[in-house]
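Mind having a look at this structure? Questions to follow.
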Amino acid sequence: MNAEASVIRTQPLPGDFAIWIFIFAELTVFGVLFAAYAFARSAHADLFNAAQLGLNRVYGLANTLILVTSSYFVVRATQSIKAGRSTACGHWLVGALGLGGCFLAVKLAEFHQDLAQGISLSANLFDMFYLSLTFFHFMHVVMGMAILAVVAHKAYAGRYSVADHTGVETGASYWHMVDLVWIILFALVYVIH
Amino acid sequence: MQQVFTKAMARNIFLGGAVFFLAIYLALTYDTWQRIPIRDHADQMTPAVLRGKYLLDTNDCIGCHTINGEGAYFAPELGNVYKRRGPDFIKAWIQSQPTGVPGRRQMPNFHLTPDQLNDLVAYLQWLSNIDTNNWPPNIQG
Amino acid sequence: MKYQSQAVAKPYFIAALALFVGQIVFGLIAGLQYLYGTFLFPELPFDVAHMSHTNLLIVWLLMAFMGAAYFIVPEEAQTELYSPKLALVTFWVFLTAGALTIAAYLFVPYAHLAAITGNAALPTMGRGYLEQPLPIKIGIVLVALSLLFNVTMTLIKGRKTSINLILVGSLWGLALLFLPAFYFPQDTVKASFGWWWIVHGWVEGDWELILGALLGFILIKMTGVDREIVEKWIYIIVAMTLVSGLVGIGHHYYYTGAPSYWIWLGSIFSALEPLPFMLLIAFSFKMLLARRREHPNKAAMLWALGTPIMAFLGAGLWGFMITLAPAQYYMHGTNFTAAHGHLAFFGAYAMVSLAIISYAMPLLRGRIANSDAAQRWEMAGFWIMVLSMLGIALALTGAGIVTVVLQRAAADPMPFMQVQDKERVFFWLRELAGVGFFVGLLVYLRSFFISGEYEYAGEMKRALAA
Amino acid sequence: MKSPAAPAFTACTVSWVVLLALTTISFELGAGAPGRALTAAVLALTLIKGHLVVSHFMGLRRVRLRWRIAMAAYLAAVGGVIALAYSIT
């Protein structure tokens, strides 16, 4: 058991190493953004607390559930291709893409409401951070969906196999990063106050 | 098992990252473009202000001075010179150049007409009212 | 030199070095005018010396980049250059335009120059680095188009390596990013915002791609390390450049009238801009350690390894010093920026140009490397120039500190000119270091006039003696 | 036909359900009165969620120690910085 565990724990990072350099770079950027948000808030706690009340937290909750589930779908896609089932892999990815689309729709509805409320980059410090963070993340979801779409297309075309599915793992790793970042963002912007 | 690290993926990340961050920058620029006219009172850019600006540009003032910190560091900041010195001093100063004081930094005489001096001052006045996030830290620029 | 047509790089390199000398001469004059304001006045006012200094810098770097492109693209594509004749014609056009521009600066008052070159019809003059009259700017575009046509056609008919794709792609970027030079909005804040598309876009974006391609090429050639490894790391490094640098442009937008959110966004992203330079150092030394041959051109290796280090110091460290908004609030528009500018331009772009010249010139002159004696002169020049430039940067940093303490952050701030008087000692140090740099440049140039080829026999003898 | 993937499948599915539950819990907590207890609780839940995503979704529990340390250090650093900022308010 222990021997098996140690063997199993020496695998390389899933997917192409290049994506991991990018993932760590992106995590650093988000990390700095989160830190900036946190310290800006500690300097303007009242402003942040008041402005946070303007957000509709249900949007945040819905999007977290959606993104976590889509991440789970991507896990299933990876497991499918490891079992050699290309079509199932494609189906799971399309499911994840559909959920990604739901995320974007919810976020756009929220942005629409925000704009109607007069929230803008120059309105106040909280709005600036809220919009920057969520828009920056929004763009990552778009980017992640573009990657997943390519991977899904290739999966249906039978370009991946049990032996060679680095592409699936590469796309999956990026998508999980997008999920991970949102989980922190959700807590920071929508929940903690 | 060997870690996979392909050049094709590195290239894709370069291209994807470039397009991605360019899109972010363009979106921000779009917002900035809407905001700038409010922050610098673009509605107050009268023909005199624009003529004054043209004079500053075509006499290479930023070859020695800075405007809002941009230019050369040989001579004082012009962004707030209107508030620091006032219109009359500025006109008199420009007309009295060069001072010819031995060893001291010299400013050429640009042979400006009284009308041109008025335009120049109008531009400097407009310049001094831009919202620059409270920069410079004090009147000395 | 593997292809005959690579020879067109030679005049470009020679002209680059000649213009480099001119740049330093104007730098010394401008530096002296900080101390003796009446020096050469009114014949050569400071602003003319200043713009000659900066414009010559840009022209010689472009000259070197173009020479590098004409040298590298055919070799990488494994084919002759599409049209060596066009490259040569372009060279003379560019050199003439450059010389004409400097002559015009020197002999025609700027306002008059603007009047006789149609600036009123399409205003473009009066911005830093972009002082050139309209016809010259159009000429620059034509020269760029000729270069792009030539190298792109060469690339199309030959092997498409990543080095070549990055190099040619970034040359396209260089040309495209110059186009905003023709857009000079009447709104000063918008004009400043757009000016950075060119300046930041070049030196903190596109040119870093050129730097990566040039350095990658030199390292492949000199270390014999597998091309695949070099190229994928270059891709990662330039990706990091754009990830941090594109939004990092915001560090120019804090105090020039742009919206306040740039204070945060610019600080956060530009704080990451040193990252690609750190990667570049790690990469270069990794390649050195993994080398599979000892290249006899040790001087070129010294330039190639010096470049990432000095680029990190100048662009990374000195840039970081002034990039965060609270620090820049006091440092903006002071000699801190000049210190950063000097060390970054030299450390990154001047040095990579000298690196490719050092690698290519012996080959263009029909030898794998210069003689030991010539290389010793060249390496002496390297050290004198590098140390002098550090001296210039430190002296200007000192001047910047005085400005911050006495003028910017003081409870009772002193007027500009009084503060400048307090900084005389630093301006003297800068001028002395500048003279040192000039001496280093002359020592470096001396190496070109020592004939003879590298002799392996000498190396053997030394190895046996040891 | 129990393939080796089966236990992983279960672990991932469990992780997913736990993630949904923790999300809902922190959302409900957020409706309560603000304060340090809330911040600490939500932050702790978030780090647990982050760890689940990293280990089971990204699959980092199978990789070399250095990558697991890197990711854990990232989460710890982000959590730590946020906690610090909120505690000095």
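Order as written gives the chain letters A, B, C and D; numbering starts at 1 within each chain.
Simple rule for what comes next: contacts are C-beta pairs under 8 Å (C-beta built on N, C-alpha and C of every residue); 3 or more make two chains touch, one makes a residue touch a chain.
On a predicted model such as this, the values are computed, not experimentally measured, just so you know.
Pairs B-C and A-C differ in how many C-beta pairs touch across them, and the larger number is found at B-C. Of all chains, the one whose CA centroid is most distant from that of chain B is D.
Between the Cα centres of chain B and chain C there is a gap of 24 Å.
Rounded to whole angstrom, the centroid-to-centroid distance between chain A and chain B, based on C-alpha atoms, equals 40 Å.
Between chain C and chain D the centroid-to-centroid distance comes to 47 Å (mean Cα coordinates, whole Å). Across the assembly, chain A contributes residues 11-13, 18, 21-22, 121-122 that each touch 2 or more other chains.
Counting partner chains per residue, chain C shows two or more touched chains at residues 232, 235-236, 239, 243, 259-261, 265. Shared interface positions of chain B, defined as residues touching 2 or more other chains, are 5-6, 10, 13, 17, 24, 28, 31, 35. Shown are all chain pairs that touch, namely A-B, A-C, A-D, B-C.
Listed in rising order, the residues of chain D touching chain A in the complex are 3, 5, 8-9, 12-13, 15-16, 19-20, 23-24, 26-27, 29-31, 34, 38-39, 42-43, 45-46, 49-50, 53-54, 56-65, 67, 70, 74, 77-78, 81-82, 84-86, 88-89. Chain A makes touch with chain C in their complex at residues 18, 21-22, 25-26, 28-29, 32-33, 36, 40, 121-122, 128-129, 132.
Interface of chain A with chain B (complex): residues 11-13, 15-19, 21-22, 120-122, 135-136, 139, 143, 147, 166, 170.
Listing the residues of chain C that touch chain B in their complex gives 33-34, 36-38, 41-42, 45-48, 50-51, 110-111, 114-115, 119-120, 123, 125-128, 131, 162, 184, 186-190, 192-193, 195, 228, 231-233, 235-236, 238-239, 242-243, 246-247, 249-250, 253-263, 265, 329-330, 332-335, 337-338, 407-410, 413-417, 420. For chain C in complex with chain A, the touching residues are 232, 235-236, 239-240, 243, 259-261, 264-265, 267-269, 271-272, 275.
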